[in-house]
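Heads up, the next two complexes both have subunit A, just with different partners, subunit B and then subunit C.
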Partner chain A sequence: MADRIATVFMWGVALLISAVFAWIVGDLLLQGLPHLSWGFLSTAPTDAGRAGGILPILVSTLLILIVCMVVAIPLGLGTAVLLSEFSRRNPLFGRLVRYSLDVLAGVPSIVFGLFGNAFFSLYLGMGFSILSGGLTLACMVLPLLIRSSETALRAVPDDYRRAAAALGLPVFTTLWRILLPAATPGLIAGLVLGIGRALAETAALLFTSGYVDRMPGSLLDSGRSLSIHIYDLAMNVPGGESNAYASAVVLIMLLLIINALTFRAADRWLHQRITAV
Partner chain B sequence: MCRARIRLNALCAFLLLMVACSGEPQQSADAGAPSEKLTGQLTGQLTLTGSSTVAPLIGEIAKRFEQTHPGTRVDVQTGGSSRGVADARRGTADIGMVSRALNADEGDLTAYPIALDGVAMILHRDNPLPALSEEQIVAIYTGQVTNWREIGGADAPITVVNKAEGRSTLELFLGYFKLRNEDIKPSIIIGDNQQGIRTVAADPNAIGYVSIGTATYEASRGTAIKALSMRGVEASLENVRNGSFPLSRPLHLVTLGAAEQASALARSFIEYAASAEVSDLTEAQYFVPLTQ
Partner chain C sequence: MSDNCSPAAAAPVSADSQSQRPWVQREACCATYEPCLQVRDLAIAYAGKSALRNVTFDIPRGCITAIVGPSGCGKSSFLSSLNRLSDLTDGCRVSGSVRIEGQEIVGAEIDLIALRRQVGMIFQKPNPFPLSIRENLTFPLKHHGMSDRQAREAAVENVLRRVGLWEEVKDRLDAPALGLSGGQQQRLCLARALVLSPKVLLLDEPCSALDPLASAVVEDLIASLRGDYTVVIVTHNLAQARRIADNVAMFWLVDGAGTVVEHGRAASVFEAPGNPITAAYIAGARG
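Right after this comes the complex of A and B.
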């Protein structure tokens, strides 16, 4: 009897979660899809976003994401390797770094936004720019990326490391040929989480990459991200809801596409690593 | 908090190193210095920041300005009137956007009105009360009246919707009713106009206040709200324009220092924003143009 109650409870919870998800996505698709068209994706917004499309905003969003990831991935992976592989001789240092990362991961995004505005935009003189927004996002996703990558690397059995050492493999080869490929699924999961957080971010970008909805000419131009566009249309522009919905559908699709591409690229990389050995 | 700041600083140093290594960035904040060519044609870049109410309008005006003045670039950022004032003072922005009259301690700035906006008190459409007196509104917002029954409505608690600190609609509301924000007993605090509309439309017992343009537009679309008359004057764009609606506000562009200290490009943009050439844009954003 207790078993049955537990089973029903579990199913109920699972269904509830799925129902919430289905409701959100269903509502978005229902309200957004009718306004979605090729023209919406390929033209610039007019009338404060009520009419026209989102092309410049899509481009800005992707540029911001690229800047963020180009900075965050090498730094994040490097720090994770340092923490998991090289901080064992100095556990105090490792603990200190880990603790600060956990604190940073819990900092609200608006704080990162204000920091990015003060540091990148004003102090470094980047102004409102895609570069400044991307770097701010990089600061924000780094803790997430580092901690998840570190966990993934730590999950690789120590036997691999000992076997590699017994074979006399250089440390770098061990890392590149054995540890990173073995940890890839975990690394990718962290990366996907980071991309999701970056794409969804509004508060940190409002004061860094800005509000300009023109097609960006360079990384030093201000560019509005999709999330800010949705926020502005939904909260600030009377009559902007339908395009806000359509933009939200685009944002979700973008996220799904990027995730799928990431998984695919990881699979391919893994395949090469293993067959090349 | 202090520790977190130290860590942020460490992160800064790290990133600074990285940025320095990559040989970037060029200065872009100062690129705003516009230059006037011998031909008298305007070129250069302007940055505007400030009121989120004004930003969509100025964004549209900026697009038209760029089209009629090739070689210029006008970047519009947002963040609230207070930010517009701060950025204009600091020089981060060439022009600030402020959706209220300037305060006494803001005499270092010059304000240029570009349009008008009214603030309307809104109730849910199903609320039976046709109008509220100013005393009743004050009593509701200060918590002396907490149930609609007390002023002749249904027996239901009043949901008082107030704006967040720093919003110019809040300042206009407080100034008009001679209230202090500490005296107000809000049930819900909101940020933007659209959020106010949504909150009131979703709650039959709510009272709130939003920009008149937003309110009349939403009411005409069938959103479940109604805008209240003030002192017997109907809340409409027409009454804001002819000055009879009491609860209205000017939308301003501000520059640091006297008018002559602003750059030629900034002055010409401000002139353009207040001109009849853009009154169709102003009306399209549900504001009232100064010139017809």
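Right after this comes the complex of A and C.
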């Protein structure tokens, strides 16, 4: 009897979660799809976004994401390697770094926005630009990326490290050829989470990359990201709802496409390294 | 004790046997009983807590030396101090002296990579890398300077034949090593150690994670290494030690830390143990 109740309860919870997800996606598709067309993706917005498309916004979004990832991935991976492989001798240092990261991960994104505005835009003189927006996002995504990469590296069995050491293989060779490939699935999961967080970000970008909706000419131009565009259309532009819905559908599709491509690329890379059957 | 040496090792080195087994760096046969490793007053402590102390004995060249004794008396710690793998463990301090072919390895500023190339190690759980079968062997070779691809391929075939895996895997060298059975994985690990032509092999309970059939195959393989390599094997299996060891060191917990209570030729330790603890342990009364 108790088993039965538990089963019903768990099915209920699972269904509830799926239902919420289906509702959101269904609402988006229902309201957004009719406005979606090739023209919407390939033209610039007019009339404050009520008409026209989102081409410059799509380009700005991708540029911001690229700046963010180009900075965050090497830094994140480097720190994760330091924490998981080299901080064993100095546990206090490791604990300090981890604690700082956990605090950073919990800082509201608007605070990152203010920091980015003060440091990148004003102090370093980058102004409202895709560069300062991407760098601010990198700061925001880094804690997430580092902690997930560290967890992935730690999950690699110590057997490999001992086997490699017993064969007289240098630490960096082991890392590059054995540990990182073995950790790849976890690393990719963290990366995808980071990309999702970066794409979804609005508050941190308001003060850093700005909301100019023209096509950016360089990384030092201001550029409006998709999430800011949605925010603007939904909040500030009367009559912009339909295009806001369409943009939201594009954002979700973009996220799905980037995730799929990332997993594919990782699979390829693993295949090359581990040459499966 | 000349029957302790395999016929191949006892036979004179002919051009023929060399070409069949080129990976072997010929060493004196076990019969001569000369020390390869000299352990003097070795002590190991973890974070200040003594795990092993007063360990003094010789390990003869070309012989199989079994380290026996109950759990927790420092056998594995002892083994990992012989290739300085103990360096990987935080708070592990090794003192005393271990000489391998006369060269001191404890505490001294030595080239760890060169040491570990000379002293191979096999672990309890088979741990091939998550690479293909071939790469498990070529990867260490490449990093120890064998840049000629053909030479590497030849070495792979030789060493796989040596461990009896060649016929089983020759058609799927590029398949993942983790797809092999446990016994095959352990033999691959042995091959991976042998491919670097070490002088000494450390085996940490190499059969205990295997089923009886695979265990027997690996055990025969280890026995066949006699004469070609100096083998040190930790085992809980007294019957196994009896079958393959030339030389035995009995570890026991004394005053909270492990030490060697008796060591010597296998025949004398098993047939006429001088120490009452050893006698009782071998008789199965304790441990």
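The definition used in the following text is that the second predicted complex is superposed on the first by the 275 of 277 C-alpha atoms of A that agree within 3 Å, B and C clash if a C-alpha of one lies under 4 Å from a C-alpha of the other, contacts with A are read in each partner's own complex, and residues count from 1 in each chain.
Everything that follows uses one rule, which is that contacts are C-beta pairs under 8 Å (C-beta built on N, C-alpha and C of every residue); 3 or more make two chains touch, one makes a residue touch a chain.
Since this is a predicted model, take the numbers as computed values, not measurements.
Chemist: Clash or fit: what happens to subunit B and subunit C when subunit A is overlaid?
Modeler: Overlaying the two complexes on subunit A (C-alpha atoms) leaves subunit C and subunit B fitting together cleanly.
Chemist: Figure out whether A:89 sits in contact with subunit B (first) or subunit C (second), or with both, or with neither.
Modeler: second
Chemist: Based on the superposed arrangement, let me know which partner A:163 touches: subunit B (first), subunit C (second), both, or neither?
Modeler: Only subunit C; A:163 stays clear of subunit B.
Chemist: Looking at A:173 after the superposition, I want to know if it touches subunit B, subunit C, both of them or none. Which is it: first, second, both, neither?
Modeler: A:173 sits against subunit C, while subunit B stays out of touch.
Chemist: Answer with first, second, both or neither: which of subunit B and subunit C does A:108 touch in the superposed model?
Modeler: neither
Chemist: Just subunit B (first), just subunit C (second), both, or neither: which does A:182 touch?
Modeler: Second partner only, subunit C.
Chemist: Specify the angle subtended at the CA centre of subunit A by the CA centres of subunit B and subunit C, expressed in degrees to the nearest 10.
Modeler: 160
Chemist: Touching A:206 in the superposition: subunit B (first), subunit C (second), both, neither?
Modeler: first
Chemist: Return first, second, both or neither, reflecting whether A:100 touches subunit B, subunit C, both chains, or no partner chain.
Modeler: first
Chemist: Report the partner of subunit A that touches more of its residues: subunit B or subunit C.
Modeler: Looking at subunit B versus subunit C, the one contacting more residues of subunit A is B.
Chemist: Touch test for A:39: subunit B only (first), subunit C only (second), both, or neither?
Modeler: Touch status of A:39: no partner.
Chemist: For the combined overlay, can you note the least CA distance between subunit B and subunit C, rounded to whole Å?
Modeler: 29
Chemist: Under the stated contact criterion, what part of subunit C meets subunit A in this complex?
Modeler: Of all residues in subunit C, those touching subunit A are 83, 85, 88, 90, 112-117, 120-121, 123, 125, 127-132, 135, 139-140, 143-144, 172, 174-176, 179, 189, 192-193, 196.
Chemist: What residues on subunit B touch subunit A, complex-wise?
Modeler: 3-4, 7-8, 10-12, 15-16, 18-19, 24-31, 47, 52-53, 55-57, 59-60, 63, 75-79, 92, 191-195, 197, 213-214, 217-218, 221, 284-286
Chemist: Would you tell me which residues of subunit A are touching subunit B in their complex?
Modeler: 46-49, 71, 75, 100, 103-104, 107, 115, 119, 121-122, 124-129, 131, 135, 138-139, 142, 206-207, 210-214, 220, 222, 232, 234-240
Chemist: Of all residues in subunit A, which touch subunit C in the complex?
Modeler: On the subunit A side, the touching residues are 88-89, 157, 159-170, 173, 177-178, 181-182, 273-277.
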